[in-house]
Amino acid sequence: MVAKVLMKDLLIGLRRTFYYFFTKPITVQYPKEKLQPFPRFRGFIRLVKDEEDKFKCIACMQCARVCPAQCISLKGEGKGKERHPVEFNIDFSRCIFCGFCVEVCPVNALEFTSFYEGAQYDLDWLKFDIDKLTQDYKKWERTFKK
Amino acid sequence: MAVKEEQQFKELLAKGTSLGKVDQDLMRETIKTQDLWINMGPQHPSTHGVLRLILSLQGERIVDTEVVIGYLHRGTEKLAEARTYHQIIPLTDRLDYLASPNMNFGYVLAVEKLMGIEVPERAEYIRVLMAELGRISSHLLWLATHALDIGAMTVFLYCFREREMILDLFEMATGGRLTTTYYRIGGVAYDLPEGFLDKVEEFCEIFPSRVKDYDDLLYANRIWLSRTVNIAKIDAETAIALGLSGPSLRGSGVNWDLRRNQPYSVYDKLDFEVAVFDGCDVYARYLVRRKEMLESCKIVKQCVEYLKKTEGPVMAKVPKVIKPPAGEVYMATEAPKGELGYYIVSDGSTKPYRLKIRTPSFANLMSLPEMCKGHLVADVIAAIGSIDIVLGEVDR
Amino acid sequence: MVPLNHVILYAVLMFAIGLYGALARRNVFIVLMGIELMLNAANIAFIGFASHLGNIAGQIISIFVITVAAGEAAVGLAIVVAIFRNRLSVNIDSFNLLKW
Amino acid sequence: MGSAQVFFYIFAALSLIFALLVVTRRNAIHSAICLIVTFFFMAAVFVILKAELLAAVQVLVYAGGVVGLMLYVIMLVKGEEANQVKHNLGQKIIAAFVALLLFIQLAAVVWVSLAGKKAGALAAEAAKFGGNTEGIGALLYTKYLLPFEVASVLLLAAMVGAIVLAKNKLER
Amino acid sequence: MWHDIGLALLRIIVVFAVALLFVAYLTYLERKVIGHMQVRMGPMRVGPHGLLQPIADGLKLFFKEDIVPYESYKLTFYFAPLLCLVCALILFAVVPIDRNFMITRLNIGLLYILSIASVGVMGIILAGWASGSKYSLLGGLRSAAQMFSYEIFLGFSLIGPLMIAGSLDLVKIVEAQKVPLIVYQPVAFVIYLIAALGEINRTPFDLPEAESELVAGFHTEYSGMKFAYFFLAEYANLLIVSAIATIVFLAGWKGPILPGWMWFLIKMFIFVYFFIWVRATFPRYRYDQFMRIGWKIMLPVVLANIVVTGIVMMLV
């Protein structure tokens, strides 16, 4: 009764917010500072080249088949070990970043980058062709903090 | 007004929502009142998405609530018929996007049951760990938005702080923050990364003290109590009749949790309490979820203990092309919102013939008219919040 | 200082305007407003006399007038609401049940 | 002519203009707004006539309370639609005639009998109590206690009456 | 005479400019304080630590398109926010910041504040009605009922202190306090704070703007500068309420060492901080509960307070 008249329940709440008033905020000032994603982070996908600047991809079409959003299309040329893609398109406006293509690839020709800022004014920017997919994504990434 | 007519009207009013069209006309003839129709949603800040409610009011009292859904319909069930069993996993992520591990869990269990796959024990523990983390994160978001609807905006940010920690854990283990797509038919995609279990342990250490933060702001707060106690009551019988499940059912005092009543995965080896409160009101549902968060935390701790001790495969031997035998299966799991059931009809091909998803939010939402009857407009907000719907799940 | 007859004239003018409003209009709210204006005209007169005579009693009477006006407004509006429930109108011509 | 007198004429004229607007506007809500303004100017006149307390009470009770109540009710019963009915010109002319007649009659009496007297020198009694507010308060609780109590009973009766009248029968 | 008028004008300009500046930076303060209570930072982008944020907000609102709904009643729609703002700002005219620093000294100062504040409610009702939308109207009517009833408790809670101070003149009230009146009138003080929260529509009584129920209440349809007027009026009212609390309960400018106006500001900002703090902490009451608290708890308590004060004063 006394506690109710003295509004103890309300004072407890006030104490809690007052306590947090003096603690350090946890905000990350996003465009200025960014958190480094974890290594497994599923960002934009890129096409890997080996040491001799050749595509690892053998154009086996497994990634195109497994993709639930059907956003991968590619064309391969050559036979056997020589087989390599001449066209490789990923439409990131459709991609759902499930990672199935990376998982299914038998030669690890696809890999995730930690780039994730896909919001663009131009939808066509998100339609990546083979050149764009092999470009170094570091170009778009800014400084990270963690 | 004649006494007889007044009596008649009182009876009609007592009948409430069950009034037919004719009776309502009679009602309007008996007395001169204007029903006020309020269209709440689909663009309303507190209908948790694109839910639309048509409220008919007498003064400020609600006579009838009509729930209009379908604004987020994406045809998941139909889409699934054109996908292979493997490709359906990311679709299930997007049902209840607040607890995607739990959504995956039910689906992979259903397919495994259909195919008779034995999953390695380590994978099972990892699955349970993730699902319980998903449950905590879902309940945190529920508490955040529910409190915000009722006006306590600080709880929102405190809850999001902890949810952020869980999302970081998800990102670390699975690569995705919201749609994790971590479960596979026969196990999980990959083993946990190094240092993950330590971080989970750290989280489990911190979490109960953070629940204390929310308690300080809500648990005994008289404003919170006056907004939630005895609001949107639904008794146990009606709740069962309406097909309520999950915390909303347990808030009505029904001791029913699929994790314990129909144990799946390794839940029977874990020690946890089922949170049951018999207040039948918004506050009881709050208490249930609050306790469930702590219980989940306990389960997570046990999983971590097991996983730290053991090594082993995380994937069963599963053929590359998944072709279940012809037949049908129903697998129900306890998702954060309630009973999540997947009903799969297979014709023996690589794609399901039919996938029916029994989502908890859909069934729970249909209890809303019953809950809101006779309450004020402001209580509708509390009621919607208390049944914790996710429109992605309702509309599928 | 202001001549007393000017103050009283002002009060009389206000009273006449209020009277016109109460008589000429059909909307019951504006009739009520007219009555309020008339009561206020009385107030002006009381205060004018009070300040002329150097006696504070005039102001006290105005306080009673304000009390009466507040009560009148409350009851009047309640009557309007009650009638509106039955007639769905605030036109004063439709309140003719007691007319003969 | 002192500045107080000038201001008296200005405020009096403005309040009369707005009072005229009150009784001539078609829309009841606009009338109510004009009524608020009228009361404000009237309060200014009261201040010039050395009735500060009454000026404040005027604004508090009338502009804040009574008109607010009126607005409330007008909005609830959609009173602004009532004036869609056609106006009876005859009624208006008669009303104007009656009002004018009354005005002329009263004005004549006032002009003749009160000419040359000054207002605005409220002194003796108020000064005795140390100010306007104190004076009114002291008088209300001594000399005019009975009328004061009667007024409070009247207000109580009005309140009960208003509640009984306005309450929905269903909820009883 | 011209000298006097010039001096008066100067005082008016200084007080209003400072008041407006305070009101603008009050929004900044509120966002910062609430931000830190919610373990975040609040505005950080415009200027160092977001110090120029209020100015940026003001500019944004100033240049925004002014949308007038088709169904609205145009004249009233324009008039209502102005009424709100003017009523809120002219209240500053009688607030004594220091012994000699105020625009004007009225011997009915407190009554003046109460009466003008009651007219400010009209602006809200009219805004709700003129918008021509159901939600706005409901919000407007709600706030009308709310403010009318909470004004009563606000006024009544001030009567106890007034009886002790023995004047309606704000300067005299302060001078009558040898010890801050909060010591003699703790009950009245608590009731005053609660009623003030109701009067200025802030959590836990922010029903007119309850965004989860009525979208934004009476100012749902307002945009641009007209919205800014409501916003400014709300914060100006917050300042006024704090100022009255300072004057009546905390002995205004009185205090050792520091100059008077500084004491006044410090005390006032304690109240401002308290109101922000409350907003960060509590949920919102439901409309009927809120009214019930007012009429069934606060009114009896505050009347009892007056009676007890009277009896004690008679005996002592």
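Every chain is named by a letter (A, B, C, D and E) in the order it is written, and numbering of its residues begins at 1.
Here is the rule we use: a contact is a pair of C-beta atoms (placed from the backbone, for glycine too) under 8 Å apart; a residue touches a chain by one contact, two chains touch by 3 or more.
As the structure is a computational prediction, the values presented were derived from the model and not from experiment.
S.K.: Per the definition of touch at the top, where is the C-beta contact count highest among chain pairs?
M.R.: Top-ranked chain pair by contact count is C-D.
S.K.: Which chain has its C-alpha centroid at the greatest distance from the C-alpha centroid of chain C?
M.R.: A
S.K.: Using only Cα atoms to place each chain's centre, name the chain farthest from chain E.
M.R.: Computed centres place A farthest from chain E.
S.K.: Going by C-alpha centres, which chain would you call the most central?
M.R.: E
S.K.: Using mean C-alpha positions as chain centres, tell me how far chain A is from chain E in Å, no decimals.
M.R.: Chain centroid spacing, chain A to chain E, equals 49 Å.
S.K.: Could you grab the centroid distance between chain C and chain D? Build each centroid from C-alpha atoms only and quote it in angstrom.
M.R.: 7
S.K.: Please tell me the distance, in whole Å, between the geometric centres of chain A and chain D computed from their C-alpha atoms.
M.R.: 71
S.K.: Compute the distance, rounded to whole Å, between the mean C-alpha positions of chain B and chain C.
M.R.: 62
S.K.: Provide the list of chain E residues touching at least two other chains, using ranges where the numbers run on.
M.R.: Chain E, residues with two or more chain partners: 37-40, 280-282.
S.K.: Tell me, which residues of chain B touch at least two other chains?
M.R.: 154, 158, 161, 217-218, 221, 223
S.K.: Return the residues of chain D touching two or more other chains; collapse runs of consecutive numbers into ranges.
M.R.: Expected reply: 53, 57, 65, 69, 76, 132, 168.
S.K.: Taking the touch rule as given, give the residues of chain D at its contact with chain E in the complex, in rising order.
M.R.: That would be residues 27, 29-30, 33, 36, 40, 52-53, 55-57, 59-60, 63-65, 67-69, 71-72, 75-76, 131-133 of chain D.
S.K.: What residues of chain D sit close enough to touch chain C in their complex?
M.R.: So the residues of chain D touching chain C come out as 2, 4-5, 8-9, 12, 15-16, 19-20, 22-23, 25, 28, 31-32, 35, 38-39, 42, 45-46, 48-51, 53-54, 57-58, 61-62, 65-66, 69-70, 73-74, 76-77, 79, 82-83, 85, 87-88, 91-92, 94-96, 98-100, 102-103, 106-107, 110-111, 114-126, 132, 135-136, 139-140, 144, 147-148, 151-152, 154-155, 157-159, 161-166, 168.
S.K.: Using the touch definition up top, name the residues of chain A that touch chain E in the complex.
M.R.: 10, 13-14, 16-18, 20-21, 23-27, 29
S.K.: Along chain E, where are the residues that touch chain B in the complex?
M.R.: For this pair, the touching residues of chain E are 34, 37-40, 134, 203-204, 206, 210-213, 215, 280-289.
S.K.: Inside the complex, what are the residues of chain E that reach chain A?
M.R.: 33, 35-41, 44, 277-278, 280-282
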